[in-house]
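Please read the structure below before turning to the comments.
We call the chains A, B and C, going by the order they appear; numbering starts again at 1 in every chain.
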Amino acid sequence: MSKVIENKITKRQYIFILISAVVGIGILSAPNSICQKAEQSGWISMFIGCLYPLTITYCAYLCYKNLGFIDFYTLNEKIYGKFFSKIISIFFMLTITIYSSSVLAGFYNVLSKEITIFLQPSIIVTIVSLTIVFTASFGLQSLGRLSEIVFYFSSLLFLFPLFTIKRGDITNILPIISSFEKILSSIPASFYSYAGIEISFFILPYVISKKNIKYAGFTSSIIIALIYTLLTFLTIYYLGFELTTKIYYPVLFIMETIEISIISDFKIIFIFLWSGIILKILACDYFVISYVFSKLTHIPYKKSCFITWPFVMMFTIFMIPEHGRNVFLENTLPYIVYTVLIYSITTAIISKLKVMKGV
Amino acid sequence: MKKILFIILLTLLTTFTGCYEMEPIENLSIIIGIGYDIEKDAKKKIVDPIEMFVFKGDGEVERLISPGVAETIYNTVNDRQTVMSKKFLVGTEKLYLISRERAEYGIEDLLETLIRDEGRNEVAYVAITEGETRHFFSMIPIDNTSISEAISGILKFSHLANFFPKEVTIKELLFMYNQTGRRIILPYIIDDNGKPKIAGICVFDGAKLKYTIPLEEAFYMNMIRSRKSDGYISILKENNPKICYSIKAKNFINVDVDYKDRLIYTINVTLKGSLKTDTIHNTALTANEAKEIEKAFEEYVTEELNKTIEKVQNKYKIDCFDITKYAAAKFGKHSPLLSDEEFQRAQINVKVKVILVDLGRSMK
Amino acid sequence: MEHLSKNIYQNINKIISHMPNSSTLVKREILINKKTKCFIIYVTNLCNRKSIELHIISPLLNKVKEDLETIENPAEYIMQNYLSVSEAQIINHLDNITVELLRGKCLILIDKSTQAILCDTSDIPHRNIQESNVEKTLRGGRECFVENIEINLALIQNKVKSNKLRIERLILGTENNADAAIIYLDGVIDPIVLDTVKFKLNKIKKLPYILCTGYIEQLIEDFPYGFFPQLKNTEKPDKVVSDLFQGKAAILISGAPYALVAPAVFIEFFQGFEDYSQRILTSVFVRLTRILSAMLVLLATPIYLCVLSYTTAIVPIKLIKVIYNSRIGIPLPPFLEILTMEVAVELLREGGLRLPTPIGQTLGIVGGIVIGEAATKAGLVSPTTLVVVSTTVIASFLIPNYEMALSIRFLRFPMLILAHMFGLLGVILGFYLIVIILINMNSFGIPYFAPFAPLNYSDLKDTVIRFPLDKILRKPKSLKIKKGKI
């Protein structure tokens, strides 16, 4: 295999990596979490929630624009000094580890219920994570290509729920606004669905053409928001918010009710395509983990891929019980999301100040 | 070093894979129908008969009915597995039957199970039976291998007449139970000389069966609660079957809700269809005469609908038309206007419009 | 450098010492103008004797009247004035003389001259240009390459009458000194790609012997252990020409009736040459069938195995009835049943490949009866398994390129094992790994999975689908390495 790992991506690949880093297990469970509070207006909160990815990508753009397109670690060193940059890197590494292991655990949960009842969790987690390590070890360029092609293949998946248009009931989403309080109070919950967009900080410097890079971030945020909103809308439209809040993976339920002649359980096709998405998001997350690890320890990237593998495995095994995972995520995700938000905004402001001082 | 690690990993993976515990297809019992009965007086109340295929090879397929008796739905599996020679596989079932007694007793446990157990087939058909479901499963199917396929066929094509809704499946059952302003309404199947037959609808209150409504009344309830289903309507003159208008119609429903001291539902029923028989006119139909026929049907259907509505509001006192959901859509999912009392007080106006798209090929 | 000496016998001894096996070496001695000693040396079965007699010996014996000893450069004088062969050159050293003689050239040594004449009188026995047996096309040229590199070059040159055509010759193998050539269109091919090809060919120059294009292919490809062929082997000159116009280089070697085309991308192996001659819609349909068949070969048996063993509920009840019934009484577990069938089919295929046609047919019939009738009747294999396996076998014949068909056929075995070990998850992961490997492969600096990854919208016009010819008859962008672009 190629000896040199090239870390250069095009702007289009940047968009697709951002999308693939966010859209994962969420497309199955996002309608559920958002409807708990917002009821039938969940899709509105979902759309408003795209403020989070918009802010993060824009801040990332501002930081790098102000200080030149240096890599993440050097950026932090310039702004916060050596010690804090290490802390921040470790924080991001842990965050992404939590994301990826929760995705992997969720993937296991869906798989174990639907297609691999006979396998032990450790086996599934091992083989999936090994595949991921293998994928991530090829570096960012390969990830960019992968995200691009898998997105096109799996975009079919976002079209499947469209079949509900004929069968749903418009009364399920009426009245359009349940209440403004409910919608507003569930916006933070929608932020969690967009978690993962932090990868923007890590890959932005590697985009080749920096022209209009600002809009690339916007585009991907809007595409993600549209995917989520469409899915949430259709789920509520078809199931009603009452059932949506009762089922952990409502989109999967919709898939089960699609009837085509040769396959009695359409879910399997869905999982087949959806696995591509999951493997992609895991690979993106894993790239960040190994990237930060290799920056922190000065171990070559490819080696650090394999070194970090046991940690991610351990985290995942810990995350597997669905109930425990939810409790853990409920208690950590809000802090993570707000910390990331505060970090990116302050970094953007400081970088601006530095530039102004420099002038 | 790398190669050794790789080999160790490969060996471990091969040792711990699940392929040693799997059972090939011929060791599975293929379930085709599940029934839910109850024996109220016994200690073990739940009786779940299951219909499954028995394969004899060479294309020969027989069936086997295996009842499980236990305290709960899943304990019946305990009971059944003690006599079954094969592995139990859920997910292929095509039919769920619930006996009337069981439904009257309440099916909360079943509804919860259907949501929680991912293995269940969400597109299986579901119906209420007159007596024990076991009795229905032991009927002899005529043109199918199993009675479950026969009954699910009946349910599948029920929407072609009597304005039955298109989907009488488990997912629709869950929708009806969970969505605000709706209630479970399922077809009612009776034993007609050893053959299953749809004889009406069952209306639930919550998870308990409340009323069984015969087909004659259910016809007009179906006309309002379903959409784009088919039905045949005839107007007889002097009760003579030879002199009549008959149409085949597809129903389109549009409901407006308003609130002035009480709920005002305005149900716009549009029946689009074709004229099938006309023995009243003896000349070729003109546009005016076609209008007349339409008008006659409009009046007739309005009258029948009003009668049904009156009966429902006064006798059954719960919403059998599935129209409370429109109120929920207008006034919010938590509105106090969705109660049964409000429904009884409500003013329900029906506006019927009949459109004859096709007058047939007869020129007279 | 071994210069020629003035002593003619010394020169001859040198040549003989270079060619120890000189039983076919002819040394014809003549006296020019009855005075000057002259030797004509050639390898007898590689030369055209008639032309040597007519155009070399006869003029030298009969026409030369001058006294050669008085002329300054006798060799040059003779060549210019008397020899009526079309190709001749003056040499003054004996390097490479073995190779030249073995190419069918004839050497004229003149006494007391330090120069010699090398005339091309070659008449190497070769096969005539015939219709291809391996790559049959319905539309397009019938001729195919032969073992003689000169004829092959002629076939290509005849089709590309362009001043951009470049033919660079080189010799491969230190022992067998095979003639080889790189052919490309200047200005069309990407210079980096061309440099890579040349660099890689130069690297293998020092190997003892290279006999066929298959040797070169394996020696210069980027991923020797990769699953997929990374260079295209073809025996049709028109295919080579079409590739040349797309910015690729062709490599020819004498002794092989094939041309190697580099670089090659994955999707090319699924495109038939006559796709471009057929109507658009039919050719799109055919291409879709090919992709579908490749998918079938890879996925059909693993998914069937999953249905049999793990996830039975995914097929409708009517199909379960059929499969269930056919499985009753089969002693082998599903995995072994499918594997046995697959191996049996591979045995038949490989066995029939090298047999002469009549025996091959017998093998096919016997194999068909054994596998189709007897195995199912005896209850060793279920009929549904037979249907699935034979469908995949038939599907594998749809892939136009033989090497790619072999690779994909091979890949279904790992997929089957993965499916057996991990059920559908194994199939998913296996498929995903194939995509990852495809994405990360390169062929001479060109991404192997182009134009899908990296995606190039304009090049998608000629992949699984095909746009009208006027939209695609230009150089694909993905075959160009842009600076700084991926």
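Here, contacts are C-beta pairs under 8 Å (C-beta built on N, C-alpha and C of every residue); 3 or more make two chains touch, one makes a residue touch a chain.
Only a predicted model underlies this, so the values are computations on that prediction, with no experimental measurement involved.
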Interface with the most contact pairs, given as the two chains involved: A-C
Far-end chain from subunit A, centres as C-alpha averages: C
Approximate Å spacing (C-alpha centroids) for the pair subunit B, subunit C: 66
Inter-centroid spacing, subunit C versus subunit A (mean Cα positions, whole Å): 47
Centre-to-centre distance between subunit B and subunit A (centres being mean Cα positions), rounded to whole Å: 40
Two or more partner chains touched - positions in subunit B: 13, 17-19, 22, 91-92, 121
Per-residue multi-chain contacts in subunit C, two or more chains: 310, 313, 317, 422-423
Residues of subunit A whose C-beta touches two or more other chains: 116, 118-119, 123, 127, 264-265
Of all residues in subunit C, those that touch subunit B in their complex: 307-310, 312-313, 317, 320-321, 323-325, 327-330, 333-335, 420-423
Residues of subunit B that touch subunit C when the two form their complex: 13-14, 17-19, 22-26, 28, 30, 32, 53, 55-61, 89-92, 94, 119, 121, 145, 149
Residues of subunit A defined as touching subunit B within the complex: 39-40, 113-114, 116, 118-120, 122-123, 126-127, 130, 167, 169-172, 174-175, 178, 239-243, 246-247, 253, 256-257, 259, 264-265
Residue ranges of subunit C touching subunit A (in the complex, touch as defined): 222-223, 306, 310-311, 313-317, 319, 422-426, 428-429, 432-433, 435-436, 439-440, 442, 447, 449, 452-455, 484-486
Footprint of subunit C on subunit A - complex, ascending: 1-2, 6, 8-10, 12-13, 111, 115-119, 123-124, 127-128, 131, 134-135, 138, 141-142, 144-146, 148-150, 152, 208, 261-265, 268, 271-272, 275-276, 279
